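Two complexes come next, and they have one chain in common, chain A, joined by chain B in the first and chain C in the second.
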Partner chain A sequence: MSAVEQIEPSIDHYLAEYARVERDLPGSDESKRGRSAELARFAEAGFPNTRQEDWKYTSLAPVEKRRFELSDTPHAIGMDDIAAFLPEGLEAYRLVLVDGHFVAGLSDLDRLPEGVTVRSFAAWLNDNAGATVKAAQISEEPGSLSAMNAALFTDGAYIETAAGAVLDKPLHVISVASGAVDERMTQVRHRYVMGENSQATIVEHAIGLGDKAYFANAVTEAVMGRNAQLTRVRLQQESGRGYHVSSFFAEQRRDSRVYNHGVDLGGRLARINTNTRLVDQNAEVHFNGVYLPTGRQHIDNHTRIEHATEHSISRERYKGVLAGHGRGVFNGMILIQKDAQKTDSDLSCDALLLSDKAEVDAKPELEIYADDVTAGHGSTVGQLDEDAVFYLKSRGVDEEGARAILTYSFAKSLIEQIGMPAVARYVEAAMLVKLPGGTAFADLA
Partner chain B sequence: MISIKNLHAEVEGKPILRGIDLEIPDGEVHAIMGPNGSGKSTLASILAGREEYEITEGSVIYKDKELLELGADERACEGVFLGFQYPVEIPGVSNLYLLRAALNARRKYRGEPEIDAVDFMQMAQEKIAHVGMSMEMAKRGVNEDFSGGEKKRNEIFQMLMLEPSLAVLDETDSGLDIDALKVVSDGINRLRSPERSVVLVTHYKRLLEHCVPDRIHVLYQGRIVRSGGPELADTLEAEGYANLETDEAATAS
Partner chain C sequence: MAAHEEDVETLVAEREYEAGFVTDLESDTVAPGLNEDVIRFISAKKSEPDWMLEWRLEAFRQWQQMPMPKWPHLHYAPIDFQKISYYSAPKSAKDKPKSLDEVDPKLLETYEKLGIPLREQEMLAGVEGAEYPSTSSNVAVDAVFDSVSVATTFKQKLADAGVIFCSISEAIQEYPELIRKHLGTVVPRGDNFFAGLNAAVFTDGSFVYIPEGVTCPMELSTYFRINAENTGQFERTLIVAEKGSHVSYLEGCTAPQRDENQLHAAVVELVAEDDAEIKYSTVQNWYPGDENGRGGIYNFVTKRGDCRGDRSKISWTQVETGSAITWKYPSCVLNGDDSVGEFYSVAVTRGMQQADTGTKMIHVGKNTKSTIIAKGISAARGEQSYRGLVKILPSAVNARNFTQCDSLLIGDKCGAHTFPYVESKNSTAKLEHEATTSKIGEDQMFYCQQRGLSEEDAVSLIVNGFCKDVFKELPMEFAVEAQKLLNVTLENAVG
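This part shows the complex of A and B:
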């Protein structure tokens, strides 16, 4: 059987799409060779399917059956269109991508501190002929959709911090799916190269406008130099017919710290892969996540923390709130390699079911090959405490309001850990307005 | 204020209240005593609108309305307040936020505008002084990391803020040291007025010394088996509840 015969029609479409846009994609011929190799890898593996253990609960059939196309240019939108997605009171640099393309007019990158580069990934690639493109430079098993992204990505944020450089304000990276045309896709890729002792806070914000079906497939890679610190807040607010897949890969050198906060509120379907490898001593990672599927939303978080060597630290905490027919999946893998003695790790995932039609599969997964480690884990699935609901009602708060307030209370302690009050307030308010009866209590945030 | 007639209630098919009759006139304080399991807390919860009980018979008329037809939130808006035996902790939602939401719920129910923020803070500062709490505590999450005594003080603070017509206090005096007990009883006495009535569910005569009731009722096996003036507390203390069974038999016959 020839390779061509094995290719399914959906894959065929993306091969043709690559052929259509290859000339316009950023990067040197060398990088195009990398893209083309990744395209072949994607074509061979195809879309993930539910027969794969990692995708057991999440079917990409609705993505696979459509024929998404890249946008050659960004749809013309203005600040007014994205104003509602800018957290009030957040002082930040801003890098805006619309339909997969950097838009300088909506961005604000003036007066960046010395030693900090923030620019369009496409522009950086075009300026660096030697740069290679791979599904993930720092992961051996990036998955077929990361390969697809490597082949097709049009732009993203490229951030490089020199040794000792500090990004003095957060950087708000917004990727907008304009929804101007049906069945479009965005393939966005960010790369963060964090020098020794450098520090940055980045808010990666995926938003969708309009009501057209689209596919947003994003990849972020972060290389953490010695003692570097990255706070990454990933806010996902795709629109109701948005299909979202995003993958994060980090590699952490000695004493480096990654604080990753995921917030998933939007999308028809979202699958988020969050991965890090702690390759040197005293590297520390915090993965926090809040997800809130309501209606018929499906939100799947898969995380993987690999402790590759001794004396590294990981803390992971996820909280899900599921309402309506909402469906949640959480899988948190902690891999502690043979040499990773004295690893200190703790993972917990809690889910709150607000309706009997909602469903969650939450599972911590520990693989431990070292014998002298601390690795705690816990998982709970529950409902609101009816005593607490009655308590609030007995004070005059109506039933829905009582439930919204208690749900807020459930998630708040984790959202607060984002550390930026303006962003935390924005997230809390966005969460409350999603809850039945919550709008009246949006001022809790 | 409230008139309870032949109230029967059960939970999971098990009868808890078996025909309660109780009249509480405006401005009076009535205490309800009785051994564990007699149905005291159930009665308090039912008055406030807890839904896990099934009312099988009877009526509760409050200010000319059938209370049993109203939800717990509506009862609160009508002026009923329950002081909880075990107040709930709600981390991340401040005591002040809850109180403002509660006051505004009442105002909305009555078609009034929301309370002015400055007026609210002044009122809170005034009332919190009565219960020996600080505004710092009021800004913390509802009962978050409060001690048992602090939670009960907070119930009284809420009661003073909400100025209910009918306050039902379910063992608000249990587990308190003498200072906290004084705070609680002072709070109740402060609320006493010709327009307000109070139901004190208690195990202990101690509270009734600080907060002398107009009437005391003894609940036993889901019925009121004895009623009397404040002196009944002394009798109960001397004799205990040991001879209630004979009372119960006498009432039943």
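This part shows the complex of A and C:
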């Protein structure tokens, strides 16, 4: 859309929304100018539409037609409201955001190890007058919704690890959409700055309460110093009328490692962009993802791994289980640049269709400009093996249980890789509730 | 090993175009430009009935509303469609030679230079049967020189079997009811930009009709050449296989060396009724341009087969070594229950060649099966993309697809890309897709060489092995030609 054309009413609403809240948004005047610039970028690009290749299978029309508003204050909720979302037995620090605002009362950030900073992004921004925020500091084409987030974000988690620092316990970052008022949105932004040789494990948990329609638009950026290691588990449990868009951008220096595990169970519509650039030798990235659309859910995962220079490694595994009218989209791009010789890359995406009304659209992509590389991808779509079902039945498991065992086993290998038994157990239980016959399996186990 | 790699790269890049020569024929060519009058001229020149002219004009009107596709992974300067001449016919064609003896000797000379076995085929007709299985030795050739079909052999033998094999212009005159029934039913006029252009201005092509229950007694073949300067070639081929019939069709292409880019926008439509089988094989070796990307053919082709009947089968096999730009997705729409679609492809890009090719398999009927094997070889500054779609509609119960696309990279300035789309709307469908990208392994080269093979033979062995899955699908003549083509590349690769 050119500048002279009339601005879409939906865009107009967000321009007005920005004007309404600008004074209260965190950050210095200078950073507000940065926000305005990002807002202009969003207004120019507008909401993505299905004519764009990246959004071919996912329509944001239900988001675009609504007029979401930011919450000025967090809705008052207590520990009881989120207790069900705390994995049993997980020893972790906790940072809780409600309706896009940090709530100290629900958080637990006591006795952080030396060299590790964990605080509200808004507070950090207010203390650092010179800091500005771009749609994605480390990506040239982050997309219009990341620009929208850069303009409108209210808060998030700011994490900084000094050289050699190790976060001794996982950090559980919970972003709650209270669902107290209809048509609210949360614009949350996290930034992880990982110093040399530092390590952290972060569980980013998006949850929705209530039954009101809302829009959660989140951005996470991670800057990985030399030999830094980040394990990021992203759990998405938005409520049934939640529209979820989240984007992750990482930039990895020499020897750094990112282990990213995505688990998508909730939301009416969810679109997740997971991106990394390996800019130095021996950087390594693992993207794993499990998604489970059931009912009328739509879950879209887009990943992009850019091997910008030689000798870097990437592994990617995505598995989807689709039931009911569920729709799954997977797009995995591996880009190997001209100088990225000796790249070692492998991607696989598998989907299990459990219903005739379910649909999956997969596109693993390879773009390769270097010759001395090992790159491969595989993609499968299928259903449960009837022979295996028969085998289990012949061993005395009933039909429903047999199907649940096989379905769960399909996704199990990726869940085990999460590495935190408490979180893996939590995910397992949350998955089984959703699976047809899952409770039967839970009883068996 | 580094020295060896450089050798391979430089020599692959330097390979000269074998078929680069020009036949001097007086052409009857229309001035460059495209408007309704040009279309009327083409239609009148071919003495077409009114309905055909209307069909073309409607296509032209639709085309004018269509934008050039921007999605392919290709880079080229915008094409000025007003600078192209849309009709060129060799003068001698006016007299419609009845046999090869009447054909302009210069034309035959051209074919001889290319090693096209036209005479050889005629000779082979006498020795049919005993030594050779019927499908591998007999080839009927409908040679297309520029835009008009000038020589057709084996016509009688085909007529005896009830097979119609003629130029599409002739078919429009002779078999209007068949053309009206099928033309544009597989690739509609408004299907895409280049198909639309073709529908408006197509000058010739082949028409094949196999009646019910007939197995075509020989392989059918057409050679396309682009000859006159600044002329685009717009071929349109239509093959209809009635119930229970079988046909194998071969298409081979090569063009003389030119500096200016030439446009080729062909359309191929295949219709397979119940139990029918069509095998369509292509060797494409048009002028790829020089090592700096000057000249070369722009090849924008729409090929699609419709497995209309139950248990029908359509198989595409292609070896793409030529053209500066290749944009081509031979596809199958599997409408009939138990129908089968196949796609086997070897594509080679070197110099500054670019190829964006692949296939679409649309599963509609029950128990439909499709297989895709695509092998890409990219050398020098070649850019190659595999772009494929496998789509399973809700009605396609028990559909099955297997896809494998492998890329071989020679040199660090080339590119190989894979864009496979998988869309499944049926839970009983099973789909598999696999892709790999690698270069020729140093250990493989070492192993071959220490067993006494020369470097050249080793490369040849490895590359031919890489392509074997596809070559084995080609009819014998083509398999030989394809390997020859590939070997020529490799010969020069090691001096």
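The definition used in the following text is that the second predicted complex is superposed on the first by the 435 of 445 C-alpha atoms of A that agree within 3 Å, B and C clash if a C-alpha of one lies under 4 Å from a C-alpha of the other, contacts with A are read in each partner's own complex, and residues count from 1 in each chain.
Quick note on the criterion: a contact is a pair of C-beta atoms (placed from the backbone, for glycine too) under 8 Å apart; a residue touches a chain by one contact, two chains touch by 3 or more.
Given the structure is predicted, the values throughout are model-derived calculations rather than measurements.
In the three-chain model built by superposing on chain A, chain B and chain C fit together without any clash.
Legend: residue contacts after superposition of the two complexes on their common chain; A:Q52 is shown touching neither chain B nor chain C. Of the two partner chains, chain B is the only one touched by A:S394; chain C is not.
By the touch criterion defined above, A:I405 reaches chain B but does not reach chain C. Touch criterion met: A:A358 reaches chain C, while chain B stays clear of it. More residues of chain A are touched by C (comparison of chain B with chain C). This overlay, made by fitting chain A, leaves chain B and chain C with a least C-alpha separation of 13 Å. Once both structures are placed on chain A, no chain A residue is touched by chain B and, in the other complex, by chain C.
Of all the residues in chain A, the ones that touch chain C in their complex are 53, 338, 341, 351, 353-383.
Those residues of chain C that touch chain A in the shared complex are 71, 392, 394, 407, 409-439. Against chain B, the residues of chain A that register as touching in their complex are 385-388, 390-399, 401-402, 405-406, 408-409, 412-413, 416, 441, 444.
Chain B makes touch with chain A in their complex at residues 48-52, 71-73, 75-77, 81-82, 84, 86-88, 90-93, 97-99, 101-103, 105-106, 109, 141, 158, 162.
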